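Look for chain A in each of the two complexes below; its partner is chain B in the first and chain C in the second.
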Partner chain A sequence: MRRLLFIPYIVWMGIFVIIPIGLLVGFSFFDIEDNLTFSNYREFFSWSYLQMSISSFWYAFLITAFTLLVCYPLALIIKQLKLKMFWLFIIILPTWINILLKTYAFIGIFSREGLVNNLAAQLGLPELQLLFSDVAFVIVGVYIFIPFMLLPLFNSINSIDQSMISAAQDLGATRMQVIRKVIFPLSIEGVKAGVQVVFIPALSLFMITRLIAGNKVVTLGTAIEQQFLTAENWGMGSTIGVFLILFMMIIMLFTRTKSKTIGVGRL
Partner chain B sequence: MKQIYLLLTLSLIIGIGALLSTRFIEPPLGEGDSAIHIFNWGEYIDPDLLDQFTEETGIRVVYETFDSNEAMLVKINQGGTSYDLAIPSEYMVEKMQERDMLIEIDHEQLPNLEHIGEQFLGLDFDPENKYSVPYFWGTVGVLFHPDKTDLDFTEWDMLWDESLRNEILLVDSAREVMGFSLNSMGESLNETDPDKLDAAFQKLVELAPNIRGVVGDEIMQMMINNESIAAVIWSGSARDVMWENEELDYVVPEGGSNLWFDTFVIPETANNIDGAHQFINFMLDPENAAQNADYVGYSTPNDAGLLLLDESEQEDTRFYPTDAQQETLEVYKNLGLENLGIYNELFLKFKMNLE
Partner chain C sequence: MKLTGRLFLIIMLIVLYLPIFYLAYYSFNSAGTMNEFESFTFDYYLSVFQDSRLMVILMNTISVALISSVVATIVGICGALSLYFLKSSKIRASLLNINNIMIVSPDVIIGASFLILFTFLGISLGSVSVILAHIAFSIPIVVLMILPKLYEMNTSLLDAARDLGATPSLILSRVVLPQIKPGILAGFFMALTYSLDDFAVSFFVTGSGFSVLSVEIYAMARQGISLEINAISTMIFLIVLTIVLIYYFLSTRKTVKRGDLS
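Our next item is the complex of A and B:
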């Protein structure tokens, strides 16, 4: 009976995980004329793809760091509130709206005659260029990922035994000391989980690079899209995909969580 | 546990309900019903014409859209939906034909083909119009704000002018962008010589400080909202924008540009070949062609239909360039995957040079 229960899981994994990854790796060894070759891999180590990888990592890092910076205090505050679940719900609500729609809304907010510049003009400030800047790209990225970071963070902070905190306070710890020496170490698994769920998708963002940054931010995602859809070079596109998977595995290794309970809170 | 069962049952019931309700909104095809699947660019047909076609012929239209020739090719190749009619651009017609993806069009079933202007038939990419019938045509040029700049963009080189720092939007398409750079140097936009392509790329890098952004279809909305002074854009998109924002003007620079054609083709996946022919013939009817051109904004190759449009429209040489103007224009050739790869690689490198 137990083994039978495993069958759907194995079939699922086979069809939707193993086979696609196998195909991806397979395609990556073929050039545009269907010859077996390593040239795609050689190409990946050329300067332009290395540059693109670095820029992908840099922006994914910025987005993750700022998301964490916003979410950690937020999670601490929500823990103190009476209607915890309500506030959590309010913050998670935007995930019900399609990402592209939200991104289009930001075009309206950031554009030359958009909301922000209108406000700036009212206050007598000079016109800002937000749309097509990397600042705007990071802001939108952070906005989109906040709910994904907040959930695991909140779950781990919320599950800290209140008596630990009381004990620290009784022993004379200041507020900052409590946060630094008790709460943060106890919530480290939540931080790791949050960093994972943000960093990994942030590494391959692509539509937002065009819509908000006007292609001034070029990431590996952009390159994959172009290889598959315009150049019809599935081999090169797959090779970049293989490297993305490798990068993600490395990140998973670094942020490995020990406890199993934390993962439950992920979306 | 009980609650979980309740939730599961409830979502199941809602799901099935939603599934069934679609049948009332759009009844499924019965035995005798006939339908055609059309695959077209977004915002590229007057939807009233689809209803009118169904009314006249009883054939239902299932309509889907794509946003690039390449995406269309991939989707048709995958199978899945058996499209009866698609509307690719000329270089893609050539490519699809090379791959035996097209069915020959029977001219006998298209009496309205006579309305198409002679200069639009028998072009290089399909000399006998065996596989394609013209739908719309147009150019690539500069859409700009005459009040905000002294330049008139009669030459591509004006885009490089220092007064345009951070004021140009480009469409996110390798051939268009590489193409105008080649044209600005007096080269052909079908160039395949690596040195010349590299020179075109170097010239684009010099343009980088003037580029505000490289975007997709959003470019139209952005130009309506005065996001930048100038944009390199397709003529029909420019027409659409100018209807909304009357301060803008469009010009095709004199140093040459792209002349393109979008055409009806019948992919080999088609199930309803008769229906597809009927639809092409319906769209070639001068009145329908005029109504469609009026809605979409692109230039119609339908001579009889053109005469039905406003005179100001017909004589607008920005969108219906004269023969002399057309002589400087070039149609894209299918350069093969390898060259296309080089164009894309250089374009990607150009994007990485933007800041």
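Our next item is the complex of A and C:
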């Protein structure tokens, strides 16, 4: 009976987790003419690919940092509200709209005669070339990841024992001191979880780069998509994929949380 | 300080909802652009419904989501139960790790590796490959939603059932499954949202003959602004809002009820 239950799950996980990753690693050793070679790896360490990886890391870092900067105060504010679960729910709700549709909205908002430029014109500012710029890419990235960062942050801030905060206040700590010396250290696990759920996907965004950044930003994800679907060089695409997986593992090691909570991105 | 906090919250809410309402507002714009509002029109909604290709794609998307979530829920139940009943904690830990690989993997990696897999297995890209892919990335989520409910279960219930002579399958259907029902429902719901929300994985495995909404919208958006997308997104927003609100009120009501009983 128990065996019978086991079989579908094990078979499924074998076929769709183990084998695909194995194939990906395997393909990374073949060049476009199906020769067994290390040339893809050599190419990955060439200057152009290194540059691309560094810029991908830089943008992922910017997106993660700004998302954290926006979400931390937001989580603190929601914690103090009476109907905190309701407000959290309201903030998370836009997550249920497909990312693609929200990204598409930004094409309109950032376009030459769009909302942002209309506002800028009314304030007497010169026209901004926002669409197809890296600034727009970072803004949309932050927008997309806010709910994903907010959830783990809120969960850890919300679980802080209120008496700790009261004790600090009684002992004369200022607001900033309470946040810096009490709340932040106690919510560090949430920060780690939030960084993890934002940084890794930010490295691999490709749809937003194409629609919002034009060809200004090339992330690891964009490079993989291009190698697989445009250049049809699966070997090189797999090699970048292998490195993306490696980076992912390193980031997970650094942001490993002590508690066994598993950070599923959504509610 | 309290005031600035409130202000910040309000600004964030405006920012978060701005794109959605922006799309909705211009979906009624007869000028056909997303900047100057000319006059009110329902044309784009009508043309969405008259576009038979788009309707087929909409049906595809909903069918893929429903089929894949049902299958993923069934396999996920099997998975969660077998992980729960597993005697060796080492094997359980490593299986859970494999389970989590799928959850943390970036969509691009899942998409690209499934593309290789389907080509390797000789499965042509189309409806089958998309459904298989969606089932595959939903199962780990379903397992994670059900597993905590299993651990919350009182084990003496199982012993009692066994002592009273229940067969394993009877224990499963009469004791275990009713106990983990909330987890199963949550898992199904999550699988549904993941499937409807997915773009990257589908993008890699759709092939040319078959399409789902997100892939189609991407193709449309790459060609520039088309207010039919606005109309679709407004309708999706209203549907999602209704479903989520119903789910929210049902789930909050249920917890109240359970509290009353105990």
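What we mean here is this: the second predicted complex is superposed on the first by the 247 of 267 C-alpha atoms of A that agree within 3 Å, B and C clash if a C-alpha of one lies under 4 Å from a C-alpha of the other, contacts with A are read in each partner's own complex, and residues count from 1 in each chain.
Basically, contacts are C-beta pairs under 8 Å (C-beta built on N, C-alpha and C of every residue); 3 or more make two chains touch, one makes a residue touch a chain.
Since we're looking at a predicted model, the values are computed, not measured.
Bringing the complexes onto one copy of chain A puts chain B in a clash with chain C.
When both complexes are overlaid on chain A, the residue A:Phe38 reaches neither chain B nor chain C.
Once chain A of one complex is fitted onto chain A of the other, the partner contacts of A:Leu115 are limited to chain C, with no touch recorded for chain B. Between chain B and chain C, C contacts the larger number of chain A residues. Shared-chain residue A:Ile107: touches chain B and chain C both. When the two structures are aligned on the shared chain, A:Leu211 is found in touch with chain B and with chain C. Using the contact criterion defined above for the overlaid structures, shared-chain residue A:Asn233 touches chain B, although it does not reach chain C. Contacts of A:Ser48 after superposition: chain B is touched, whereas chain C is not reached.
By the touch criterion defined above, A:Phe132 lies against chain B but remains apart from chain C after alignment on the C-alpha atoms of chain A. Comparing the two interfaces of chain A, the one with chain B and the one with chain C have residues 104, 107, 111, 113-114, 210-211, 228-229 in common. In the complex of the two chains, the chain A residues touching chain C come out as 1-2, 5-10, 12-13, 15-21, 23-24, 27, 70, 73-74, 76-78, 80-81, 87, 89-91, 93-94, 96-109, 111, 113-115, 118, 143, 146, 175, 196, 200-201, 203-204, 206-207, 210-211, 220-221, 224-225, 228-229, 234, 237-238, 241, 244-245, 248, 252, 262, 264, 266. Only residues 1, 5-6, 8-9, 12-13, 15-20, 22-23, 26, 33-36, 74-76, 78-79, 81-83, 85, 95, 98-110, 112-117, 120, 132, 135-136, 139, 141, 143-144, 168-169, 172, 190, 193, 196-197, 199-200, 203-204, 213-214, 217-218, 221-222, 224-225, 229, 232-233, 236-237, 240-241, 244, 248 of chain C touch chain A when the two sit together in their complex.
Of all residues in chain B, those touching chain A in their complex are 68, 70-71, 73-74, 166, 169, 172-174, 211-216, 218, 221-222, 225-228, 337-338, 340-341, 344-345, 347-349, 351-352, 354-355. Only residues 32-33, 48, 51-52, 55, 104, 107, 111-114, 129, 131-132, 210-211, 213-216, 218, 222-223, 226-233 of chain A touch chain B when the two sit together in their complex.
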